[in-house]
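Shared between the two complexes below is chain A, which has chain B as its partner in the first and chain C in the second.
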Partner chain A sequence: MNVARAAPSAALVAAMLALPFVGSEYAVAIGFELLMWIALTQSWTVLSGMTGYISLGHAVFYGLGAYFVVLTYGTVPLWLSLPLAGLLNLLFATAVSLPVLRVRGPYFVILTFGLSELVKYVVLAVEAALGEFGRMVFGVPGVIALYWIMLALAVAATVLVELVRRTRFGQGLLAIREEETAAEAMGIPVVRYKMLAYGLSAIIPGMVGGVMALRTTYFEPQAAFDPIVSFTILTMAIIGGSDDARGPVLGTAFLTLLSELLWARAPEIYLIILGVALIAFVLLLPQGICGWLFPPRRPAT
Partner chain B sequence: MIAFLLSGQLLVAAIVTGTLFAVVALGLNLVYGTMRLINIAHGELVMVGAYAAFVGFSAFGISPLLCTIGAGAITGALGAALYLGLFQKLFASPALARRLEANSLLIFFGASVIIQSLVALGFSRTARGYRYLDTVVHLGDVALTANRLASFLVSAALCIAALLFLRFSVYGLAIKALIQRREAAGIVGIDVERIQLASITLGFATAGVAGALVSMTEQITPFMGFPYTITAFIVIILGGLGNLAGGIAAGMLLGFVEVYGVALTSASMSSVLTYGVFVGVLVLRPEGLIGRSGAAP
Partner chain C sequence: MTALLSLHRVGRSFGGLRALNEVSLEVSEGEVVGIMGANGAGKTTLFSLIAGNLRPNSGDILLRGQSIVGLSPDRICRRGIARTFQIVRPFGGLTVLENVTIPARFGSARSDAKAARAIAEEALRMVGLLARRDEIASSLTLSGQKRLELARAVATGAHIVLLDEVMAGLTATEVAEMLAIIRGLRERHGLTVLIIEHVMRALMEISERVLVLHHGEAIAIGAPAAVAADPAVLACYFGDRA
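Right after this comes the complex of A and B.
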């Protein structure tokens, strides 16, 4: 990473580090939102940006993480339960990845959505059978403490994407995106790589879900597995562009600001703009804001 | 319990539900089959049709059975507009057409969010409903409400009409040809553009009609659509692309799974069953909808 690229990232991290000391409570809340979406969208990129297997079901990892942390809160300390939530998701994703990843293209997209909804309704049924209709969490850490955790998760997710992109593994994933059959013929262990990407992209969303459950001090399956989470991640990545770690950051910043302006007052208008933006970017600017601002330098062939 | 399971009551309920599923899937089959457009907003069209009938009946006092025509006209017009305004242009450009199948999913997903939000904006998120033909009719020892019976008769008539249309009408045969071999259909002189326009209009219209029927028996909300999309996908994956008779059989099967599944467990399991079958079907048939016909995408 050269200085010209590293400097803005370092400046952004420094600004987010300084925010709780200088910003108002409101600014911290927006910063929190921003970090959450960056962490989620960057994680999504590891699978969907790199391999082209577009997930419309990352809410399932978010929800499972939230569920786990809420269930264990008070018995397992947070420093342990958050990583465990990530681990749980890694195991869950790996377990389902083999059948799920056999499904390709558009069917993979709707399958991930269906899987997320299936898990949501199973959790709902389990909670109803237990006689629980929403769980409150008491004695949660303060907002600032959670903010540091979220900042760490956002940085970790960004570093993860950048690291993966630089490895042989990441190049293998990109090859799968371009032409899976050819990648397999070249000797890339396609199945193993896809499973690993699926697992890696699930870890941090689980931890984010856990932190968010503590932030809202409440767990309710309909909210924790809300498909809008999956939809927002996808839209942010497509608007920002996912060929570069800067893309999700730009897409996230754009939509978080839009959401701040509109969500509380007119959620329907916000969702309509989200839908229009998704369609417009898919049709007109498939490389996203990032691909448009910084067109990739193609190596001479 | 056993006697209840073997009673005609559940059997009739399953057939009624299954026929409706078959009609919902019919439209998706046409749109996916002829154009390979993944209309993830199909359920939203059902929802729009339901609201059209709701408005027609509660604001203007028009019989919901007549409203089915209006509902079909509204969603059909939407389909035609979408084709002429967007997809025709996308098909015309080879670069865009190549990625259209994958992109259409994202486009329709955006569209479904837009439609849901527009309806939520206009009618609020509250569930709506109306009472129409809710007297109980007895057929032998089976009791069902008259609106359910009416909805079943319309659905069954639509299924039969669709079967006859695809089998005997020149247009129906052209649609079938397009579903089976797109390129070849153009070569033998079928006006592909016109057939595509007709398919999307008819496909969207049947979804609107199905929605109007649903509104007679169920509460409606702006977010009722997605389960219908999922149901329609299950039906055409199981029944085979472009295979209407297979689709009707698969719709029935799903109706049985849902009705008997809920009877054996509880109403809250209905969504688990629907999504469970969906995930299971896709995992078992990973090639998706194209597998059986053997045609390349």
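Right after this comes the complex of A and C.
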């Protein structure tokens, strides 16, 4: 099983490594986009896939990371400011996790969404007070350099999910998803575990946001904290399936490539087609592409 | 000799409703204490207070002389007290084996993955579910799920188990099997058992002492035969004949 699973992953990483050398500028741009969504969706899985607490507010980490990197650009070197953006998000997530994780189900979904919007408007207000209406970043690294960073983040996020899944901690998260009260009664420190999962799921999105700010060379709160980021992460996880690290990769690839194709060929109706595709996935493949391709090996009763 | 578990005048209210009022109980090592009472008498509340799901408003709960009031349920589990739930709470999407491996890894046993598996298999064998270990937990019958609850509590490595109506809804044959299972587990692991049960005959049969709750008050405690003859208990159950 390990070889069968490791080989495609290694092939995929090799292909993404080769892309800047053999691919066109357009291909690299698509590859960059793919890697970004893989990094975001895998990170989200650590919390929402494993514990069942569905976050609809991961844009907050993306936006905060972007803000931090833009603010410190030029004073703090990138090799330091990116990890710091991750750390900042870990701290922020841990700080807000206690109130946020008190609720579950739809309340948690709404609360995470609300938190992201709240932070967006706070940043907007701060920027307005400072007289800033969008910040330009100058002298950013080239696309290829940023591509390598994004590749590293996507691999790191995927490895993180796989590691968490294999540990005792991961098993505890799964128990929380299945039955939180029973999990707690069996000695699982549910509060600590949920906080840790929330914190871990925030680190890489913060770094991704920082890289994206450099890619767009521009920071504007409405765009950096765009709820579309949160929605897209969730959509990709649903389409791919989040019970397995392969799911987010498949979902991301499917949605990114489909949008590219449709956007170029049917610009007027491409969002309609995407909407129909999402509904079809939820109805027909609730376990996602991954659950459909690789059904969990479980003997029938 | 100090009691393994002692409750000192434990009270709990919900708003204006007194669910439990100054209930005291001393449980010694290896004992089986049955808890009876009508619906709403406070039986499950008592378990929730011991297991940490609820906090008492008054009184103290001591495990080996140390207060456990205010500890979270997971801490209390790791101190060696495990409970089952009246309404079963399996990890529905996981296999029967996974359901029992998790408590073995996290409870007071805190075993590594390999040892946890061995503990889980042994617990499943004791409750007669070993052959079903690869099935999804939610596919078990009620009787199966009740036995799974029991196996999970034991797999935590607890020395005190709180069994909340593990026989409710079972057929007479299944009740007899469950009694045999509890006896077997007790013998093998030297468990101390607190058991809530509506199946009166079963409760009287397995308990060494019985605590009777009525509207949150402990109205009788003692050997099953003595309790069954207690005028206060009879008055509660059959009405006052005077």
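By definition in this document, the second predicted complex is superposed on the first by the 280 of 301 C-alpha atoms of A that agree within 3 Å, B and C clash if a C-alpha of one lies under 4 Å from a C-alpha of the other, contacts with A are read in each partner's own complex, and residues count from 1 in each chain.
The rule is simple: a contact is a pair of C-beta atoms (placed from the backbone, for glycine too) under 8 Å apart; a residue touches a chain by one contact, two chains touch by 3 or more.
Please read these numbers as outputs of a predicted model, since none were measured by experiment.
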Original post:
Between chain B (first) and chain C (second), which, if any, makes contact with A:G172: first, second, both or neither?
Top reply: second
**OP:** In the overlay, answer first, second, both or neither for which of chain B and chain C A:R104 touches.
**Re:** first
Original post:
In the superposed arrangement, does A:V276 touch chain B (first), chain C (second), both or neither?
Top reply: first
Original post:
Just chain B (first), just chain C (second), both, or neither: which does A:I188 touch?
Top reply: second
**OP:** Identify the partner contact of A:L115: answer first if only chain B is touched, second if only chain C is, both if each is, neither if none is.
**Re:** first
Subject >> Residues of chain A touched, compared between chain B and chain C (which is higher) >> reply: B
Original post:
Which of the residues in chain C end up touching chain A in this complex?
Top reply: 51, 53, 72-75, 77-78, 82-83, 85, 89-95, 101-103, 105-108, 110, 113, 134-136, 139, 152, 156
**OP:** Could you pull out which chain A residues touch chain C in their complex?
**Re:** 168, 171-172, 174-175, 178-179, 181-191, 298-299, 301
Subject >> chain B residues touching chain A - in the complex, by the definition given at the top >> reply: 38, 40, 90, 96, 101-107, 109-114, 116-118, 120-121, 226, 230, 233, 268-269, 271-272, 275-276, 278-279, 282-283, 286, 288-289
Subject >> chain A - residues contacting chain B, complex >> reply: 54, 56, 99-100, 102-107, 109-111, 114-115, 117-118, 121-122, 124-125, 128, 231, 234, 238, 267-269, 271-272, 274-279, 282-283
